[in-house]
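Think of it as A, B, C and D in the order they're written, each chain with its own count starting at 1.
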Amino acid sequence: MAMTRSDIGPRRLEAFSDGVIAIIVTIMVLELKLPEHVAEKGLLNGLLVPMSPKLVSYAMSFLVVAIMWVNHHALMATVRHATRAILWQNNHLLFWMSLIPFATNFLGENPGLADAYAVYGFVLAASAAAFASLRWLASTQGRDDQALARVHRTVLSKSLLGTFLYALSVPLAYLSIFAAIAIFIAVPVMFFLPIFAPPVDLQSD
Amino acid sequence: MAMTRSDIGPRRLEAFSDGVIAIIVTIMVLELKLPEHVAEKGLLNGLLVPMSPKLVSYAMSFLVVAIMWVNHHALMATVRHATRAILWQNNHLLFWMSLIPFATNFLGENPGLADAYAVYGFVLAASAAAFASLRWLASTQGRDDQALARVHRTVLSKSLLGTFLYALSVPLAYLSIFAAIAIFIAVPVMFFLPIFAPPVDLQSD
Amino acid sequence: MAMTRSDIGPRRLEAFSDGVIAIIVTIMVLELKLPEHVAEKGLLNGLLVPMSPKLVSYAMSFLVVAIMWVNHHALMATVRHATRAILWQNNHLLFWMSLIPFATNFLGENPGLADAYAVYGFVLAASAAAFASLRWLASTQGRDDQALARVHRTVLSKSLLGTFLYALSVPLAYLSIFAAIAIFIAVPVMFFLPIFAPPVDLQSD
Amino acid sequence: MAMTRSDIGPRRLEAFSDGVIAIIVTIMVLELKLPEHVAEKGLLNGLLVPMSPKLVSYAMSFLVVAIMWVNHHALMATVRHATRAILWQNNHLLFWMSLIPFATNFLGENPGLADAYAVYGFVLAASAAAFASLRWLASTQGRDDQALARVHRTVLSKSLLGTFLYALSVPLAYLSIFAAIAIFIAVPVMFFLPIFAPPVDLQSD
């Protein structure tokens, strides 16, 4: 009976996720606080040098969240029924993503502190894990569609690899923050490599 | 005459509510301010221990608002005409929900203060009461649909129980903050129990 | 030729306005900053009494913005072509509305200062004037629809009365802040009186 | 094969961009912080004079972002397939636009500092360049539509002129901040001149 189904339309799920992701990506800019005494010290020493860790971590997080937004739409386009499990896994993903501004700020204010890299890596690992779970849940719907199943498997492997690498950055940060930085650069690059084939045509919107 | 009807399309009502709820759930993260001297004190004593009340109250409020968002959509899917009464009751609900970030912040900064639990319980009770009123208004529309009316009755009882429990947490907080905490855990759990049957299929979006 | 028309679809205009209005109404809550030493002074003297001007001005502005949102939709539902003039008048309206959080904060922090009432009245007068202009522009479209034209005339009179009263509150505030408060209460009440007939059925969304 | 296309529907792209732009335009108001001691100094000397640089730069940025929003919709209405290149160029544009609140704040707090005009000019030049690239990408889609191609060429010239002028304001600011101010006024005015013909009818939304 339709009356007792717990499905929310996938379009509404997308719209709400879009709203939350748009806010996450934009409120990070509120943490770009102006340093004091810029006028006396000059542009380079008064603004750009002291702000560079914040600007770089902001740009990095903007890219990560933008990739997640693109992947989220590619994923949602394959979802026929936004079941209760998908709905709550999506809320779970948004919860971890909502902590990205906090972790970005911590990293931007403490660019020499291993703890800051560990926290940043942890939040991204949790977000990536939640994303992989959401992908896995979605993949259980289209079992009879061979081409779609193949796409889900490919992208899921990639999501799991991303999760593993981000999780690895947590202990690695205490050996060398440069190893953590290498991971934070490698994972977004991985998503732009040509082997990434987005699952379906989202044109029919 | 259609010209003098005060109805706003329920889809627009949902879209505006989605926007407000997405912002409510996300701006709470702006209150997760970094403590000072994290570098000297270490991750555990400098960040996680001092921030744990804020992180726990943030997670709790994120869950409460997410449940309200899910229920709001389930409810709106049953609404055929967004009458003036429904419209303003919805604005009334959004008003109380907009105070959740404030109450969450007060609780996160004063985890040992009974007043903070009372204020948090009061804001949630007011939100739940506004939600129950909105449910009641919606239930008056589909009187001839027996199955829908049964769903409305079931969920309305649950909303009223949630309102009662949150209202109870206000005086209880002064006897024991643990009693208030027990209520804050119990009400969300209640909404995940299998007896919760979301009213209708929202798929046809 | 359709190619050179400057129309943006009224639905997009509404969606963007909804987003801006949802953010305006929600970021005001960020100004509800907790006072210090709540724990020592108690709930009443430490929180509720010192915060009451901020809470009351927040609630008042929430109501004003909610009324504007409701009227904005009612107005947009009558617009067939979002011409360039309507588009920029709408941006003009959003500009003044975006200053409401600032004026609310100023009033909430200086509840005894005539200047604060004058600034608040000025921002609301400018918003109401921009709204009346938008209504006037919309009314020029449906000239052949007699019933619609009548609705536009009625609501436009009301908008102009609201603009006049808010403008009046600016000098009045320097005679007596209570006169300004009376106007701030009277205008929203006026919009809820039964003679307010929203122009059209927005159901077909 | 549709399955391996990387297209996201242009409507989703617009909706996400709308969300981000709505937040950008609105959070700038959060930087309009009240000066201290307004009550003692009076409205003019305590509020309007000290805040005028912030208010003027806020209004200027509001106008720039509003123009970008209008142009963004006019552009998106011409896009049939939101290819991967368009998608990421759009994210690139949103990244630079998201720095406008930061640059606005820097300018508003340092109205006599050449560096502030240079940073503001740089962020607008980068945004305008990203916009011109997006326009160029879109223009490669409708090659067979002569009228559309002509519109793209006209508006692209204008975008490139805007980019050039904003880039010019960076070195000019160090010669004279008034030259930079002249550019900041000229570019928006240019977009309102009658020779600006928005590319297509966006009515069919």
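The definition used in the following text is that a residue touches a chain if its C-beta (ideal position, glycine included) is under 8 Å from a C-beta of that chain, and two chains touch if they have at least 3 such contacts.
No experiment lies behind these values; they were computed from the predicted model shown.
The pairing of chain A with chain D is characterised as different-residue: of all residue numbers used at this interface, under half are used by both copies. A straight line joining the Cα centres of chain B and chain D is 36 Å long. If you average the Cα atoms of chain C and of chain D, the two centres end up 26 Å apart. Shared interface positions of chain C, i.e. residues touching 2 or more other chains, are given as 15, 19, 23, 27, 30.
If you sketch which chains touch which, the chains form one closed loop in which each chain touches exactly two neighbours.
Contact residues of chain D toward chain C in the complex are 14-15, 18-19, 21-23, 25-27, 29-30, 32, 34, 38-39, 42-43, 46-47, 59, 62, 66, 69-70, 73-74, 147-148, 151, 197-205.
Listed in rising order, the residues of chain A touching chain B in the complex are 1-12, 15-16, 19-20, 23-24, 27, 30, 81-82, 84, 87, 91, 94-95, 98-99, 101-102, 105-106, 109-110, 113, 115, 118-119.
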